[in-house]
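Next come two complexes built around chain A: one with chain B, the other with chain C.
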Partner chain A sequence: MQRALTAEDKEEVVKELIRAGIEEEIAEQIKGEFIPAELTIELDELLEMQIEEAYARDILMVQGRREEGEVKLGDIELKVNKSKLPELIKGELRKKLRAVRDKLSRRKLDEILKKVEEKYEKAKVEPREAVGIVAAQSIGEPGTQMTLRTFHYAGVGAIYITLGLPRIIEIVDARKKPSTPAMKIKLAGEYASDRNKAEELTMEIEETYIRDIGKVEASTEDMSVWVSLKERELKRRHIGREEVEEKLKGLGAGVLVEATEDGKLRIQVQNKFYHELLRLEEKVSSTLVKGIEGIKRAIVRRDVDGEYMLYTEGSALKKVMRIEGIDFSRTTTNNIAEIADVLGIEAARNAIIEEMMGTLEEQGLDVDPRHVMLIADAMTMDGEVKQIGRHGLAGGKASVLSRAAFEVTVDNLLEAATHGETDELKGVTENVIVGQPIKLGTGAIELVAR
Partner chain B sequence: MKKGKILEHKLVPKHEVMEESEVKELLDTYKIKKEQIPKIKLSDAVIKEIKAEVGDVVKITRESRTAGKFLAYRLVIE
Partner chain C sequence: MEEKREKYTKYEKARIIGARALQIAAGAPVLIKTDEIDPIEIAIEEFEKGVIPITVKRDK
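Right after this comes the complex of A and B.
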């Protein structure tokens, strides 16, 4: 399609540019560069290439321009987008090129892009490089400098959290439950700006049992359990007496609950056995009245953006999801198994990376995220979170010798022998054992003479 | 639970079921078989949301610390 750009088009471009986060000054500049011209590419085509509309329009301009030399913003956009670089580098490149645009010529621009692409290609890992071993060493060495102690949550004096080496081990072992489960709950709307509202929420999610709000006594005299509720606790936690009564009635069929005049609650045992009475006492005191099971404590803190948020001891992602006032999309837990369950395997992969990098960074260790990403990828490869041990990744290896060299040697060899397994000697460990060159790096190439 | 709520979570990247032709192109590019792609279970929370089926390949657009944006693929299994 061929058409000329009208003044209206230009105004629209400026609006688009500003909306895309471009400074007004630059937007005006781009507008100034526009000259009516014939267009060779359609806007739709460019948009299909996932180019932002504002830039797409500028590219159309560049396409239709006849004079040579000067570099327009659209040139940068078009050429950078065409290159095979990762998004992050493209973004950086765009920003830098835009800043020096007046010193560029189109030839120079091409040259710069070529150089950057070359450098990027060079920085890539060579085929057959033992990336797993590099990752293991890159995390292992800083690991020796890590503390063995656990610490407080950064910024939350009151909650203990496993950090340092024990935490790293916990993550790669893919434990079903961390030793110190905890959540960071972000809040939505006015809950995030009003401290009192946030405090109210803590009451909503903190688990509250009958024993927390009253005294539970078993009396052998009348064979019943007496509950005397503490008025102060009820008020603080916004719990009504009727609510408690209701919960107790739900204990089971045939449970008789009555409120006496002095404000006590009496629960009668059906059959008058002593052990029945004790069982009932236990059952009554551990009845959940309010909150979410598993959340032992919740604390309100202000985050870096000045928003109020909650830190919790204990974790229950699925149940917290339903609470009104929380911003679920930004709420996380340190229980990776729970994330895999509620949010899926990809979220678990992200959580492994975040947790590991967080733990390493907290200790002041600078490990390249690529190593951690590799570990997370390996752990989640099969669609479920697997540990890096004999029950997971190492145990799933195809080679008998490799498994035997890792842990429980005799068991592995015996098992393999009874099943008549063969070892194809493809991996590193196997070949070291039998004394052959390993198939890595230069060892990966075989020459055939004719 | 509100539908699609987990898809909005910041830890959950975008999952899309790929067309048959796209899958073929992918396998040809990397010279691999379908079974060599990392797996995702049918019972996975996200797979249930986007209603993918066994044998489908999902394209995952990950946010990466080092690359900005990164494409990954997973094969849906039982």
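Right after this comes the complex of A and C.
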């Protein structure tokens, strides 16, 4: 394991460091600081590790040092990297270890790593484990403890978001639109640090109709619709009168708009029919002047990092994407179908996991994320978001008996019979029904004589 | 019998021990020296010593 560090080795390490994105100057400097003793691990191994840039230097500093004394950052980096853990756990472990570095000794560090590796091994599932059933039970049981109330205070201003069991059902049913769509919009640059700028954005995206900024009246006297704009609302939302006029002219060909001297707008009806007048009134009042359709309200909040961000009632991911001042890569919506549409199926899978874990956590329930991940995988594996029930996952099964066992038994059997379907008896449910051993656990193992 | 033993999953282990215990219970000759009389206990001991002439078929 131990080997003297040659000049070529140094050269190679430096090259690798540059490749990893470290500036040449710093890499050269590190080369000068190599302890001339020996490598405590093989060079190949070292080069293969994914070392965080900031700690590359620390690793090289501990090379060749004897196994005693205080724990250096490099030790943590090196030992964690050497362990047989997945990258995600490694990262978390590193962060935690760095925080308690002064209380560690190298022996303790080794001990901790051993324990973590042990725990990780234990947490793995063995082949042929019935993971689906375990996942179902692991979400079903906490489900019994969840609130049944549809609405719940979300903790941010006065925006209400469906939580608890109703929300879980919504996710699992893969609804096209959640009952309470909402977005969390992160901001970029100075929008994130300046409250006023963030407030301005609020006005920019909140949907504003004519009826929100003025009074719309239909007058049978002169057969026209009168709009009296409220000065205060216009100012607050940064809307100019000309803008409104412009929008109204865009209503259709032959629409006559004129401004009177008392500040009112008059829109004339072409055909002097009463129902035409009413239709025009409705059309005028629901004309979008500013903002994004679907964003009913937006409020500014400060997040945990002290950044200003927006919470919205209503969701329109695609349109929000184009607004200046928004950090789209960190912006999310609770509408999973929308995410699948705009960002793709992998993003949708992620959204399902995040949303479900979020709702469970909000209710104080501790569920292993792997169960939720399995569900998300099952829902998205065909490239589109499918619901769990009879119109999705369960209904799409290949086996007649399995489908019949789930819901609408007679319909399924009849349908299968008219088409002359065959059941291959490959799944679990079918084999339980016909009374054969199932291909799970011990039932899936075939013995051979040695 | 110090050949390199395969690593079995808990399901494979259960299946092998179960099958072997059945053989022993039906009168098959025991392959180790033991004081145990319970076929399952005997099978477990045989399994631990790696002398059971049964393996599993893998990779289907």
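To be clear about the criterion, the second predicted complex is superposed on the first by the 317 of 450 C-alpha atoms of A that agree within 3 Å, B and C clash if a C-alpha of one lies under 4 Å from a C-alpha of the other, contacts with A are read in each partner's own complex, and residues count from 1 in each chain.
Quick note on the criterion: a contact is a pair of C-beta atoms (placed from the backbone, for glycine too) under 8 Å apart; a residue touches a chain by one contact, two chains touch by 3 or more.
Quantities reported herein were computed from a predicted structural model and do not represent experimental measurements.
By the touch criterion defined above, A:A444 reaches chain C but does not reach chain B. Within the superposed three-chain model, A:R128 lies in touch with chain C and out of touch with chain B [touch as defined at top]. When the shared chain is aligned, no partner comes close enough to touch A:T287: not chain B, not chain C. If you check the complex, the residues on chain C that touch chain A are 9-12, 14-16, 18-19, 52-57.
Chain A contributes residues 126-129, 441-442, 444-450 to its touches with chain C in the complex.
Of all the residues in chain A, the ones that touch chain B in their complex are 86-91, 321-322, 328-330, 332, 339, 341-347, 350-351, 353-354, 369-370, 373, 377, 380-384. Looking at the complex, you find that chain B touches chain A at residues 1, 5-6, 8-13, 15, 38-41, 44-47, 60, 62, 64-70, 74, 77.
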